[in-house]
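Some structures to go through are shown next.
Consider the two complexes below, in which chain A is the common component and chain B and chain C are the respective partners.
Showing the complex of A and B:
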């Protein structure tokens, strides 16, 4: 994937923020759009199913540097599945979102990971597994442990969120942004194509590392 | 145009309603259709000044609205419209006082309107097939300020659709105006008495008068324009009903009809024309449709109750019956109906689109290419929903008019028209802003400008037409895929 190297192509010396493409994938109505709207607008409302893909941008300020996220919020409905791989071309990061009250959506997230693995080299994309709707804890079908173990087995970042209650939503995006910056930095200093990335554990988040 | 083609693009939503149309009994139904014209006509055709609210709002409204033209074909009852009205986000209590206020306000200047309303009556008598009185009488005491919200417009429509006796509606409205005039002037007197500064009051009054006069003139002008539009739609309805529909086979492809078609089919005849244009190759009758619908509903129930066990439950479900399975439709339309090419071979369609894109808009094409902005980014959004998500309903309906006539080619021609309309803006945008712009088009796109842009798009590339380019590409992709059957990019 030639485009996937986009992040490292952009120089920091010009003062321009890094630009990274983040794509949200997952079953229909797991809350992809709700996560994005919560993050972008601090808003939670009933949204209609996404058609194709919706686009957002957000500059994440990370202290010394900043990162511009191009957020691709894809349609989860199965009828768009055949075109969805068009959307993750050239992605730098992916959120695999599932609904903790729906086991099938968890399995679907795993399928999305397989699709990503076909398209990218290991470690080429920052992938985070996101279990949404913790506000519906009593209907939970996927335990925190299940999500965490799967993420660890595949070297994914992992978080549980509630777009409705605004629980850990901005943390998801800032963690991914941090990871992207770190990888870009490592790549720049070691001038090796992402093979020697070592991560620091995020202090606040309960997630695994995602070394290649 | 085959049934297959239509259902492809109708995205499953409107298909049933369209098949529900009655191609056979056009004449008996005309009166019936006309009676409900005020409702159906007013939203799409009289709403050029629609100003929509929040984007989310627009989408939710559209999704509700998109049922209207379809419902109208099979269900003559005005119920759906009233339901829509009730569902508006703006509550009744907000709408009504506002309208009352608006009507009370510029009242002393209502007098100049009186002749207009009698003119109105004459016009109505002239072409009685087109009942507009109900709508206009409502309009009379609803000053058409530019900020007229969409919900307001719709509520007006539903009022008019409920007005059963047209002349009654009109006279009532005139009385209302007189009533309101009295109220208003008495309130002016009160103001005079309470004010100590005569001069100031005079100035205030005269400036109020001036404003009201201007307002009245503006409204009169708007009313006249509206009358003109109505007149032309009324004439078009007559032409469609009296000349074209009875001689469909001989006339439908004539230049005159094509031109009229391009202007937008009046909503009262829209259902008839769509049915005739689509045809009924499968000879689906109402009975057959009802049977299939009942079976589908039954199946749907068993699926939703059976949950994930549905597979086992239907072990006897033969492969031939697979097309009847709603679960599969839900799952993946392209796998369910491989003969609906537009889903299956979307990428080939996009490739064909790009041929005509480069031909028509080389500069923008190069700009998009440079920015890695591929056609799927916006075409999926537009084509999968037949523009019902991206464009206002009145405009989408006009696109469907020509889509029913010209087929899927027109969907792509429309896309090029939209790109052409915004070529200058788009060439100055980077990737993400273009993508955002194209998947959230401006809310107040004027239909005439869009159609003017579409008409300049040439669907010809090196002497090859759309169908030829497409079939050549399809042949290529079939040959490429011979090794691997899966549809991968």
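Showing the complex of A and C:
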């Protein structure tokens, strides 16, 4: 899914940052809201379960260009599945979040991918698989290799994070932002070309950029 | 005293933890609260005397215009549990089904239900001292029991996130597990449409109904939403699902629930319309989707919602007439549209 982006929703006028919509999907209690709050506010606390959807915006400064991310944080409980579908509309990027200590949440992330594939054309959305809670390494049920291999087989970006320890959280968002900008550049917006991002890389090579 | 000193003094007088066990937020405006509370206390005292007279000598509360008027002006905390139980029919259910609640908890278990509930226990009111693991007694266990019993009782619903907040409030008010269970049953099973069922059709319907009501009563706001293609669900789903818990101040939520138990789910529309109408100009300043989302967060904060007595008067005047006939008709048409959309 990571190739040949057609980011029709991304728009820009001179001087304005690109605006992209990013949705977080994944099982209940895997840390979707915690990742967002860590990224937005440099804070980690006992967050309440997300009911419905929460919305945040953040401008990601990428050196020569910037990208405004509209972050849609969704409810994880199965019940909200049909409601979450409403939030897909017009998404440019998705984070499929799972908890490395819960195999079921890894499978759920894969199901979310299938849902995305039904809704979007291949490559229409930048998708990153995110294994959260590396601070609980002793209880790990999903190995790094498993996550990475699945991501590679589906052409997804991949990272492991810890919202609690602030490990690779901002990297997740900046990598996605970089990918979004690169795709916008690939589409031929000449002012963006060649700036801030490395073009013509195989997806596999990009994975290694963002993995430890 | 300069303003900083006044704020400091107010901070010293108002307890850090509210009467329900919630820690006041970091940015809590102690001075404004104290000013509001000094007038509200007079109202509370007056209402307490009136209610004592009303309830004296009769152990049953019958629905009447007097009771409706009294309820709209607020049920005193000491009578709240009893009046909610009576008005909602929860008391009658409990009386007719002795031992039912206990039997649910002693009956067959459901590992997936237990797991879903357990996931949210630590995440329900971490800012309330009575829900802390270390508190004695700890209400997490009570909450677990109520939600588990309810999930076993109403298997079509099971457990849906949001119900934890509602059950939590019921427990704080009734201080009684079984009563909380029957009140939750009154809300989820009878008073609210199917907000928590797997398809959440009742929720989706009511969000559309609100959109229609805004279109009728506040067309400029509706035009703004349409212009930006904003989904109402993004802005208001929590209002419906959580019945304003964790959205409006605690005291205001309880005053809303007083009417909800007596008058039914249309109260939610009254509250939503009042919030939007009161801040119409402010909302119309929004230039983008993030702006709109931000404004909808802001309109649930501040003096307007803290001053619960005035707020409750407004919900019955500001939105204008809102008949149950209108609501029923809109619900039918919105539901039909949703069903054809699949």
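As a working rule, the second predicted complex is superposed on the first by the 176 of 212 C-alpha atoms of A that agree within 3 Å, B and C clash if a C-alpha of one lies under 4 Å from a C-alpha of the other, contacts with A are read in each partner's own complex, and residues count from 1 in each chain.
In this section, a residue touches a chain if its C-beta (ideal position, glycine included) is under 8 Å from a C-beta of that chain, and two chains touch if they have at least 3 such contacts.
It should be emphasised that the depicted structure is a prediction, and the values quoted were computed from it without experimental measurement.
Asks: Taking chain A as the common reference for superposition, should the pair chain B and chain C be classed as clashing or as fitting?
Replies: Clash: chain B and chain C overlap once superposed on chain A.
Asks: Return first, second, both or neither, reflecting whether A:57 touches chain B, chain C, both chains, or no partner chain.
Replies: A:57: touches chain B and chain C.
Asks: After the superposition on A, what does A:70 contact: first (chain B), second (chain C), both or neither?
Replies: A:70 sits against chain B and chain C alike.
Asks: By the touch definition at the top of the document, which applies to A:48: first (chain B), second (chain C), both, or neither?
Replies: A:48 sits against chain B and chain C alike.
Asks: Tell me which partner A:29 touches in the superposition: chain B (first), chain C (second), both or neither.
Replies: second
Asks: Of the two partner chains, chain B (first) and chain C (second), which one does A:85 touch, if any: first, second, both, or neither?
Replies: first
Asks: Give the one stretch of chain B, out of 109-117, 163-171, 199-207 or 469-477, that collides with chain C after superposing.
Replies: Of the stretches 109-117, 163-171, 199-207 or 469-477 of chain B, only 469-477 runs into chain C after superposition.
Asks: Can you give me the overlap between the chain B contact set and the chain C contact set on chain A?
Replies: Common interface on chain A, chain B vs chain C: 45, 47-48, 51-53, 55, 57, 70, 79-80, 82-83, 86.
Asks: Using the touch rule from the top, collect the residues of chain B that touch chain A in their complex.
Replies: For this pair, the touching residues of chain B are 56, 59-60, 63, 308, 330-334, 343, 346, 372, 374, 376-377, 380-381, 384-385, 389, 431-432, 435-436, 439, 487-489.
Asks: Any idea which chain C residues touch chain A in the complex?
Replies: Contacts found on chain C: 116, 119-120, 122-124, 126, 160-162, 164-165, 196, 198-200, 203-204, 231, 233-234, 237-238, 241-242, 246, 289-290, 293.
Asks: For chain A, which residues count as touching chain C in their complex?
Replies: Touch residues, chain A against chain C: 28-29, 45-53, 55, 57, 70, 72, 75, 77, 79-80, 82-83, 86-87, 89.
Asks: Across the complex, what residues on chain A touch chain B?
Replies: Answer in residue numbers: 3, 45, 47-48, 51-57, 70, 78-83, 85-86, 90, 104.
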